[in-house]
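Below are two complexes that have chain A in common, paired first with chain B and then with chain C.
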Partner chain A sequence: MANSANSVAVGTKRVSRSAAVKKITIEIGRPIITIFIALLIGGVIILLMGEDPIFAYGMLFKGAFKGLGNIIATLQNTTPLLYTGLAVSLAFRSNVVNIGVEGQMLFGALAAGIVGYYVHLPWFLHLPLAIIAAGLAGALWAYIPAIMKAKLNVNEMVVCLMLNPIAQLITSYISSYPLKAPGPTNKTYDIMLTARLPQFSKSSQFNAGFFIALALLLIFWYVNNHTKKGYEWELIGQNPSFARYGGINVEKSIVEVFLVSGMIGGLAGAEQALGVYGAFYNGFSPGYGFDGIAVAMLAKFNPLAVSLSALLLGALNSGSIVMQMMTSVTRDLVKVLQAIIVLLLAADFTLEMFRKKRKADETLKKRPKTESEKL
Partner chain B sequence: MKFRKMMQIALVAVAMLAAAGSVWAAPALKVAMITSESGLGDRSFNDMMYQGMLRAEKELGVKVNVIQPKSISEFKSTLARAAELGFDIIIGSSFDMIQPMQEVAAQYPNQKFGLVDVGADPIAPNVVSSVTKDWEGSFLVGVIAAKTTKTGIIGFVGGKDIPIIHRFYLGYYYGAKTVNPNIQVLESYAGTFTDPAAGKEYTLALINKKSDINFAVAGATSAGVIDAAKQTKTFAIGVDSNQNYLAPGFVLTSMVKRVDNQAYDMIKLVVDGKFKGGVVLDYGLKEAGVDYAMDEYNKGLISDTTLKLAEDYRKKVMSGAIVVPNYMELKEGQTMVGNPPIKNPYVK
Partner chain C sequence: MNDILTLDLITTIIRISTPLAFAALGGLLTFKAGILNIAMDGFMLMAAFVGVGTAYFTGNLYISVVAAVLSSMILSALFGYFNLKFKANIFIAGTAIGILASGLTAVLLKGVFGQMGVFTAGKVLRFPQYNIPIIKDIPVLRELFSGYTILVYMAYILTPVVSFVLYRTKWGLRVRAVGESPDAAASLGINVFSIKMQTVILSGFFCGLAGAYLSLDYVSLFSRDMTGDRGLIALAAIFFAKGDPVRTVAVTLLFGTAQGLSVRMQLTAGVAPQIMQIIPYFVTMLALIIVGVQAKRKHFNIEATTAR
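Here is the complex of A and B:
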């Protein structure tokens, strides 16, 4: 990943102003081109469905941004992606492939649901407690792959992938049997009003969780760019050997990153349980944790850019509802668009990795031979 | 004189043409169907309801837009945005839509809403909803099972031991006993709606007790019931949607809730100008709200005489000559149920 922070971090060369501008243009330009290509392919699909792509996209856009009701719905759609996008960004930036955010979110939501119903406190204690419980639950679930990677060097991607369905089944069991509220739906008891995140709209479940997410984005942008911890986390992703040489405890940092990422995943669950549903609903998530991966990649793991990429996916989802009301294009179009974006980003990602490796190999060849190699 | 008469005729003709023209030009009624989060392609309620929508488009000339929210959290905003755009009726189909629809219906008191198969309680003054008399459908499959069994023993696998499932059992039991007073009807509960493996074990246990037809009323657990039938070459009976295709030749029939008819009828009420909110429509055999499924997958499994008998009983229930007991309406300790009365299996 070409990253301007890279050169600053190593501190050996200064980037000239015009080069920096060029770099930023490329950084911003790439995702925009990606989105444009996706829309183009989507347009062809709409044509094949016998609809007018311009009109359909117009409806998609209007449905996302025209009028207060639509905007609020878009923001509600965006909110969980802010959390999961940030959670994935933090991890991936350190080369910690936490694709278990979905499971961390489920446990976070369940913990929020339990604390929200079974604990009785005034709101200024109850709400924070429920949120903290959700964060802890997410972090705790993330601790499993973290410790396996740090201590046993087990591939965290595989562990996360396997833990997701386990989380889904455990939370499903708990909300369907021991803690099920009576009624036709498998959900826990309604969370006390003292633990609810306030909602701001009569026509959607948009809630204060949105602003918490924005605050988190700002906090972690600051941590990443202006603190020693943030620098360490970045370094273990870019060059673990160098980080270790520089005196960073890489294993400890990996666990830290995992815990923070899992905590934010858990908070995503808190927003859903305390803000949107007012209970833990079995199977509430249509895959926010996985969408977070797309959001993070589109944002190039930058917390501030996460807000924009989450808004993009949120707007696509939200706008598609109105598009379905006005045309016969189905919701699957948005899935296709999202898939194309991820595919293009992944291709870009892989190419970048090859390029980097080749560069590294070349540098390796050029350097003077060490004593041991001379022998 | 002649000229005036001709003018009159011409005027009348023009007026008639204009009237006809305005009828043709009248814009088609706009219907919004909002699916549950599983969306189209679920081979269950959403798909079946969509069939009703297609029929309404064809027969009533309405224009249907299908809207598929991705999660329950989108129900409220989707309903609100549909109401904002102004459809002639907005129809949903999920228990989880009850509360969102109540809230949105209150904000848009002039918007007509419909909610399919959600229970006996009215939703809101501008919402028409429907409830399915599943016990009547269970009665018919009970008749068919009792006439098809070779061992004289039939079974029932419920998801959970709860009143709403007892309702299916009582209808099934009543149907079987009506055509064969000596039949044995085994009742069992897997304790779960989501575990096919448990469904299979409970069914195999029933089959061990010589039951050769087992009615599955157990959600996803039903798949195990059908699987057990296939393994032991006995019959299963599916529920809710048509499950005959799951194991062709081993699913005797399925007790289907015709949510397509329910949705169609709601649209027809609007088309005919007879829509009334706050009303709960009952869907039993009479209203074609329940049925047993016949298709290419269970062809020849049920004999013609049995089918004829089932049709006779359908008519008797429709005319009121037979009243199938509803478990939810039984009184404490009521010993005889239904009309003609039989002994209540729940009172020992």
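Here is the complex of A and C:
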């Protein structure tokens, strides 16, 4: 096993420099072009509504980045996307299509809310315990599709699809009936101050969860690129039969990936409950779990790149508030942009459009040996 | 319990289940062709919006239904093209179409009609209610089967039609062949892409009717994200009934009952609405587990016999 890992790694290093540069340009180029096309289509929509796209986008940019207050608000909007983007990235990289991050986050937030109120401990124990509880809750909820895929070969996407509304309804029920705090809103009791993630500004709910997220990105970048586990997780995504041949227990790895992805989804809930709201509020998420799909796809499932793509969508979310105030274009435009980005990135344009051309090119000139042939 | 189970509850259930039945009919066509259509909520939402918008500008319900259906079919064609031609993962493309419809309708709601949450089409237009001859004179049957609008009748009349088309026509045979084994179908000269695309656009047609029914008949308004996971519930019904049209529509009636009861039981018995609302997803999960276990057992049996 270790042997095959080494030989593949050597193979990648042998790719010539110009090819590497070309590869990087394509890797970065496509997301940038995609964002540009999305903004262009969004601009046409703004134009059709009788507004000036440049003014509207200008307001969006100002709202996201002008002044310290706006920048901090942008970072606050970015934080949940760092978690959900990482959760989706880890899963998709292994071809485990965890579209259940939304549900995992809801259970994480609820667990954090429960431990944060009902347990009484000094802060250095209480806060970590609440965070761990959230991670565990997310992982447990992710265990359902994991075990169904691994043991029964049931499509994990269908399971996640059904589990999301189930999670939403269960958490909604718990926060509206048995554990509801008195008052008009459906929420749990306020979390003890000993379990709160520290906030850094008076004007926003920007909190320490941001830095935990950054640390997680670094950790999983390291795991992905420098550990055997990370290599196995990548291999089961790229070529499950090769992975199996190489001695990897694919079913076990799928469960592992699901658990880790679900745990991070749960931590996203912890950040929201312990850092932003201070309780579990029914319906607090505007769909961060689904936003994670766009974040992950823009980042090409690379944990470090998740920081940039989460920042981009976080800035759009945050800046769109100002755009909505100054123009008749509502914040929902960001949803449209996001959907276009995901559609364009999910599509494999080269396959259809350039297949013929590429084939012709390949037969004309002698192509250099591919990685697999070198092995 | 007496005040819960009344005749007018059954009328409510039939009306509540109509959009589910429409969507399920569309969804099962794609299901039979091997496509899991999770974009149905998006199709419906778009149709609901275009329906109300057209009614506002034209004042004609039937033109509005046609416009709604067309908008839904265009969106479904986009979905089909991205999935089938550009090989986008169906779940990702479907989620994206859902978000696109949700965002676009909300943006246009403000941009075109200046509303943030809810929009009514000026003076409220209503579909006439039809009474079926003979049945309208028989007491209980009258309440159960008579006095609905044309769209309600359409949903339940189209059910056997879809069943007939799927199981008794050449086209239906091709759809099922494509769904069961695309490679084998292709080797027989069936254009797999074109058959799949046809089912996706037909699902757009049915979801268009569902959306038009929601915003022009069931209620006379458009509100943000008004489909409320109905597409997902329809998909759950398809899974639960394994895609048989008549059974699927019967299951949508069951799921519609759960929805209808969720409001009533909260008012009369104080039962939390979430408990009833969770039923469609919950029983579908159970069905998935049972099917998975059965398949696994069958697999083991085959392995055992071949080993011998």
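A few remarks follow.
As a working rule, the second predicted complex is superposed on the first by the 334 of 375 C-alpha atoms of A that agree within 3 Å, B and C clash if a C-alpha of one lies under 4 Å from a C-alpha of the other, contacts with A are read in each partner's own complex, and residues count from 1 in each chain.
In this section, a contact is a pair of C-beta atoms (placed from the backbone, for glycine too) under 8 Å apart; a residue touches a chain by one contact, two chains touch by 3 or more.
On a predicted model such as this, the values are computed, not experimentally measured, just so you know.
Superposition model on chain A: chain B and chain C are shown in a clashing arrangement. Shared-chain residue A:276: touches chain B; no touch with chain C.
Looking at the shared chain after the overlay, A:208 reaches neither chain B nor chain C. Touch criterion met: A:333 reaches chain C, while chain B stays clear of it.
When the shared chain is aligned, no partner comes close enough to touch A:129: not chain B, not chain C. Touched residues of chain A, counted separately for chain B and chain C, are more numerous for C.
By the touch criterion defined above, A:176 reaches both chain B and chain C. Within the superposed three-chain model, A:99 lies in touch with chain C and out of touch with chain B [touch as defined at top].
The superposed model built on chain A shows that, among 44-52, 62-70, 98-106 or 116-124, the segment of chain C colliding with chain B is 116-124.
Comparing the two complexes, residues 172, 176, 328, 330 of chain A contact chain B in one case and chain C in the other. Residues of chain B that touch chain A in their complex: 32, 37, 39-40, 65-74, 76-78, 80-82, 84-85, 87, 95-96, 103-104, 107, 192, 194.
Remark: chain A residues 45, 48-50, 97, 99, 148, 151-155, 157-159, 161-163, 165-166, 169-170, 172-173, 176-177, 287, 290, 293, 297, 328-330, 332-336, 338-340, 342-343, 346-349, 351-352 touch chain C in the complex.
Partner chain A is touched in their complex by these residues of chain C: 36, 38, 82, 85-89, 91-93, 95-97, 99-100, 102-104, 106-112, 114, 116, 229, 232, 235-236, 239, 272, 274-275, 277-278, 281-282, 284-285, 288-289, 291-293, 295-296. Contact residues of chain A toward chain B in the complex are 63, 67, 69-70, 72-73, 76-77, 172, 176, 183-185, 202-205, 272, 276-277, 281, 284-286, 317-318, 321-322, 324-328, 330-331.
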